[in-house]
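Each of the two complexes below includes chain A, the first together with chain B, the second together with chain C.
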Partner chain A sequence: MLLAQSFHPVMLGAVLAGQTGAWLAALLSGVLASAAFWAVTASLRTLPGGDLMSLARFTLGRPGAIGTSLLVAGVLVYHSGFVVRQTAEMAVSAVYPLTPQTFAVVALLACVLGGAYAGMNALVRLCRAFFPFLLLAILFIVLGVFGWGEVRNLLPLWGPGPGPLLVRSVMLLALYTPGLFLLMTAGQVQDPEGLWRAAAMAGIGSGTVYALALAMLIMTYTYPLANSVAFPLHEMARLILGGRFFQRVEGLWVLIWVWATVCHVGVVLHVAAAAIADAFEMDTHRIAVPPLTAMVLTLAYFPVDQAQAVDWHTAAAPFGLLAGFAVPLLLSLIAMWQRRRKKRAA
Partner chain B sequence: MPGARIGCSRTGHALGATLYTMPRLGGQSIKLRSSLTGIQAQMADILHWPENIGVEFRPLSLPTQPVTELLAVFLPGLADEALVRACVIEPVVNLDIGTIGNQRVTTDILLRRLPAPGLSEADDLSLAVKGVLEGATALFLDGARSAILVRTVDPGPSDRVRAALTQQARFETGMLENVILLRRRLRDPALVARRIALPGRRASAAAIVYMEGRASRDLLKQVEAFLQAHAGEETFRRGFAAGLRGKWGLLPVLTSTQWPDKVAVLLDAGYVAILADGVSQAFVAPVTANAILYSPQDVTLMRPIAKSLRLFRAALAVTAVTAGASIVALMNYHQEMMPTPFLFAMAATREQAPFPIALEVLLLEVIQELIREAAFEWPLRLSPGHVLVAGQLLLLLLAQAGLVGTGPAAISTVIMFSTYGFFGVELIYLLRPWRFLLLVGAVVFGFFGIAAVFFGLALHLMTAESFGVPFFGESGLSFAAADRMSARRKGGELPADPTEIR
Partner chain C sequence: MQRKMASAIALLWVILLLGGCWDRAEVEDQAYVVMVGIDREPPDSFRVTALTAIVQQLGSGTLQAPVVPERPRLAAEVLTARSRTLGEAIQILNGGMTRRLDLRHLRAVMVGEKLARDGLEPLVMELLRSPLARTSAIFLQSRGTAGAVVASLRPVAETNPARMAEGITLQAKQLHLGPPVLLHHFLNRLAGGGGDSYLAAVAVNATVADDHGLPEPTESSTALPGELPRTGGNPVEVVGTAVFRGDRLAGYLNVDETQILLALRGKMGKAAVTMPDPLAPAYAVTFRFHQENFPRYRASFQSGRPRVAVHMLFEGEVLAIPSGVDYSAPAARQRLERAAAEYVRQTGEGMLAKLHDWQADPVGFGQLYRGRFATWQAWDDFNWHGRVKDLEVKVTAEMRVRRYGLMIGRPRANGGR
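After this line comes the complex of A and B, so read on.
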């Protein structure tokens, strides 16, 4: 669910680049994300409030909290806009050509709005109920093409070498940024300990499934062939046994993908609304949801085409990474410094 | 003499049908008090007397000098009342005092004088309670620090006959009988069946049943308040009269079942049941996905098989909701998804059909609703089997008349079977309106429309709560929670979800 929105473009990029070690980078990024989740949350846990917004309020006062919430909401809204556009472009236009894209975007956002409005409990329950089906669908497609793959495509296993692999892994961390922002609600959950563990497991689990999917993709398509495959996972879906009955089995896969995206964006938008509501001391996050959804709708139509949308998102990824990891760590450092200063003064 | 006719040595085997035998005394030895008042207080505390229905405390006395006080404690239904009369009450009351002389009546004297062969002595409170829960009658004597347990087990003929005929006992129309059916399955002193007074035109007897220490106090309060506010006889007859969350709530406010086995499992998991006189089913609160999808057979099956069956039931529910809409989406938007021979075969079945596929599916869905409503509203309600046969016949006639294609008619039959494939009639009522919304989604935008509407349905279920318990929360859907249901959770209340926002 964490990576649902990024499965296609990143995979496509990996295959097009002919990276034999891309799967290892995905695996490493999962481990790195788990470590980063742990590092950030461990530092947050020792500080007042236990979540990012409380920390911001504690260290920088109300202006600081407002600034942090706006920064976080901005990153998340930008991310949501891209995800909605990409899903509408790739999933709907490619597989369901008769469905107008405008309807796709509006229907997607209506679902997202409903999810964000309903709140985190409903979304978590929805994700939990839906997660096994998503995992099964991915494994069904990925393992279903096992017979088609060439193991030699994976060689050398480390791809272009350890250095570029590590750089690639760090860059892939940007995919996990929305997961990190989930921790903004950490102070409100009944079992914060459980949430830290869940975040760490989500990192490793997502990385593993992602790595498996990439490995199968690289095994299935060689570099020259990959250039002519616009939607690799769709094409993989056709190769599995189910494809003999459902002539376009990718249609079902996209159905699941659309659902995963709706869950993903719903959670992201909820967190953005919760941050705004927290900073501006609103009674409920629900007031903030419709304006944010309108912003996502506007942003979704900003790029001229899919290529431009991907370019913009790729360019913004490092900033998201910085906002996700740097802000909490910076605030933690400030809080620790303030605490030490108070101790000295006492 | 009734005792002679029935035979005091008769033994029962009701324990064979027991799901749970778990006196909650922690296994520790608790000494009986010496005074009868003290013993009565001890037993009343454990068995929740006098508010607990079906718990009998029968004071007896012997005309000795001074008068000897006795107390017989038994659970009617688990203990055969005729046997209690024949083997305990009559022998005690008719005890020949003259032969005792000036001796003080002791437990030993009673043990010698009572005619029944199945006598034993219990000097421990937990043993006495355990005996009572197993169908024995505990006879306490003032001044004695032990109880006499008389074997008066009721084999439960009605339960046994029903079990032989249908494999599973069903609830009767009598409230007390139903309490007994539950007590046979949950032989636990924590099981409380408390009588409640309901508002309404006529005073109807009803009982709220729960496991003390397992059902949350808050849940009990809420259920009682709800019953006081809403329960007339009509509510009990229908079981889903009030909306759960205002007028837009689609979930029923109570779930109902005719299976005591299922109610026993749910009670053990912390749910609350409501029994009413003249109603041959129990109502259970809160309404959760687990409570609806749970089947009594899940308890007796191996865990992986039970899990698979629950998953299958959930799949049936999804099929029942989406199959009609999916056919419309496939035929109108995504023909290329189906193999060409399948597509041609489907098209061939509709060659003579006068309506477009969307209208045809809508017609079939409406016909299903007609059959259901007709079956429900008739004075003599039809069984699901009759409804299915009648429905199939009607669909066949429509197909033969050329009004609908045989392909869509066959799929409509599958939908009908799917709706009856899972336990919980409430889910059918919940899902019915959504089928039409999904159909609209499919007609307008194919699979994408189905996905959007289905998300709405899912979101509605995810946000729904019943008496403060989420319909799809940890206790609502997860198989882990369902397993805990059958594996007898040791905790106090319904399992809490660690990730839930406070």
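After this line comes the complex of A and C, so read on.
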């Protein structure tokens, strides 16, 4: 659920970079993400604390923990702002052109705030209840538009070539950063031990669904036009017809999309709030949720238009990737070095 | 905690429902455009003709059972505006309306010949951008002006304009007099780069429109749209194909050529074909061709020139043998099969010669070559459009006659006297 919502806003960026082979890059990135989840969490578990914040505190002290939490929260809040903006743009562009956008966004964020405030277990229950509908909706779109495209549009198979495609699949790992941070700050989850296995499966599952959706987008709209479709899954849903009485199924898709956003941003904001609460040694994460929500709202409307929002998010993705992988790696190395030094001293 | 979560969920529902307060669209406040005809208006404007449904008259009973026994008319109004974009045209037309014109039920888009020769890309992109119009609408090419065609529509046994537009698609799908191309298909071909687009052609038949009496004795299968030998009924006919090179109209194909074009793409399905009787040349034979198998393509390069061999397999059902020849006899059947295969080959070569002159590839032979390139850049540099003039296509066909309608042999009404 967490990962599925990440990929929709960046489908276009994936097509631009991966061209006709974008779906292959997405598939590969899912496998790489699973491996990365396993590697990062496994290395963290061998170190003091077992999660990112404890490790940061152990290695760099409280200032280090505060810095790490701010970095994590910054990346997640920025990502949430983009997801909220895209959802609002789609709702207003496609469904409610006359409704003031603020009305829709404030309501959406109120729900997100409620979810993040309620806590991880409540959010997990909500995600679990809603996940089958999102998956079914995506698969329904993928199968429903099959007759509208041509399989040969996926050729040439390698798009920009095998080398650039591999680089692109590594860059696509940025999509999984929220999942990675969830793993690294997973102190409050009921079953933190089994979480990385679930996350690894989610990486492969999300990668597969993402690859299917991208393949269908390229088949349906062809490259390079596919790179200009503002809301790919919504646009594909608009094509699905089944006789005179089964039309305009995108209305259902929009409803599911809004709910998926609530679940996704709710979890992401909760992780950000939990990281800050941990670093600042607060009693509860709840006090951090309202200010973070306000920041999401501000960041969502920082770009002047939708195109700029997409551009900024695409440009910022590598930084998320660095924060997600470079920071834990660096902290792990410091911790290992410190441990070795202590052993020598002993 | 659960109560708070439930409150949050309830709030979202309320918000979603309240959104409808601003964006509600009452049926009574709308006027639905079901078909638009778009023509070039020199120097750079459009003339947009909108066929708007009169919703009150649909299913009210007044049209189905008129007080005065006259032919039921289409429950629609024709509105025309001159504008720079389609969006502006709707805005202009709204000036004279008491209901808001709405494109959400747009079923057909028709473009005039001059506009198509100038290029359709800007128009198609505007339609793709519109959140109201759908690319699942049928896309038609008018021979002459689209406005004249829309204004001349008088469908037989039909009063519902939306059903009429759907009927055009259905006819194309079932009878293959013209290809059932939707706006999305056109767009896909336009953007794909491995072939060219084509549309069903539509025109006003002057013989019908002006009630000139008996039509000229032209062959129906070789007629272009607007030239079918018929009188009475709807002056507008949807037959033949408009072929494009890129986004510009290149020329028209007749019904026979349209069917072979569809067969080459593997989309012929079942179509009625009339060809000369091989054993009695003064007569004709009518078949129903069944294309159950996808054509077999072999694409290669010969001296750097793209070369494609296509083999098509049909099953045939004989529907009419006016000459009375008994084609169920093995030798005659084989003769008929060879003649049918030869007919397909000759018609195909004639059509391909036209396409060669136009340097257009509506079959999509270019798609066969995409897989030969490792990267998009290499494929893009190959420039298929520039190579179409060098393309050589060899067509072969095979016919297997399976059925002879509801009679076998040579039935005689007078018992052979």
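What we mean here is this: the second predicted complex is superposed on the first by the 308 of 346 C-alpha atoms of A that agree within 3 Å, B and C clash if a C-alpha of one lies under 4 Å from a C-alpha of the other, contacts with A are read in each partner's own complex, and residues count from 1 in each chain.
To be clear about the criterion, a contact is a pair of C-beta atoms (placed from the backbone, for glycine too) under 8 Å apart; a residue touches a chain by one contact, two chains touch by 3 or more.
None of these values were measured; they are calculated from a predicted model.
S.K.: Which partner does A:R340 contact after superposing on A: first (chain B), second (chain C), both, neither?
M.R.: Touch status of A:R340: no partner.
S.K.: If you stack the two complexes on chain A, which partner ends up touching A:R128: first (chain B), second (chain C), both, or neither?
M.R.: first
S.K.: Let me test your reading of the model: by the given contact rule, A:M120 touches which partner, first (chain B), second (chain C), both or neither?
M.R.: After superposition on chain A, A:M120 lies in contact with chain B alone.
S.K.: So in the superposed three-chain picture, is A:A104 touching just chain B, just chain C, both, or none of them (first/second/both/neither)?
M.R.: Once the two structures are laid over each other on A, A:A104 reaches both partners.
S.K.: After superposition on the shared chain, which partner residues are touched by A:A198: those of chain B (first), chain C (second), both, or neither?
M.R.: In the superposition, A:A198 touches chain B alone.
S.K.: Quick check on the output: what are the common chain A residues between the chain B footprint and the chain C footprint?
M.R.: Comparing the two interfaces on chain A, one with chain B and one with chain C, the shared residues are 96, 98-99, 103-104, 107-108, 110-111, 114-115, 118-119, 122, 126, 244, 255, 258-259, 262.
S.K.: Which residues, counting only chain A, touch chain C once they are in their complex?
M.R.: 19-21, 91, 93-100, 103-104, 107-108, 110-111, 113-115, 117-119, 122, 126, 148-150, 152-153, 155-161, 220-225, 238-239, 241, 244, 255, 258-259, 262
S.K.: Per the contact definition, I'd like the list of chain A residues that touch chain B in the complex.
M.R.: That would be residues 92, 96, 98-99, 103-104, 107-108, 110-111, 114-115, 118-126, 128-130, 185, 188-191, 194-195, 198, 244-249, 251-252, 255, 258-259, 262 of chain A.
S.K.: How about chain B: which of its residues touch chain A in the complex?
M.R.: Interface residues on the chain B side: 333-334, 336-340, 342, 445-452, 454-456, 458-459, 462-463, 470, 472-473, 476-478, 496-502.
S.K.: Which residues of chain C touch chain A once you look at their complex with the stated criterion?
M.R.: Listed in rising order, the residues of chain C that touch chain A are 1-2, 4-5, 7-9, 11-12, 14-16, 18-19, 22-23, 131, 134-136, 166, 184, 187-188, 191-194, 367-368, 370-371, 373-379.
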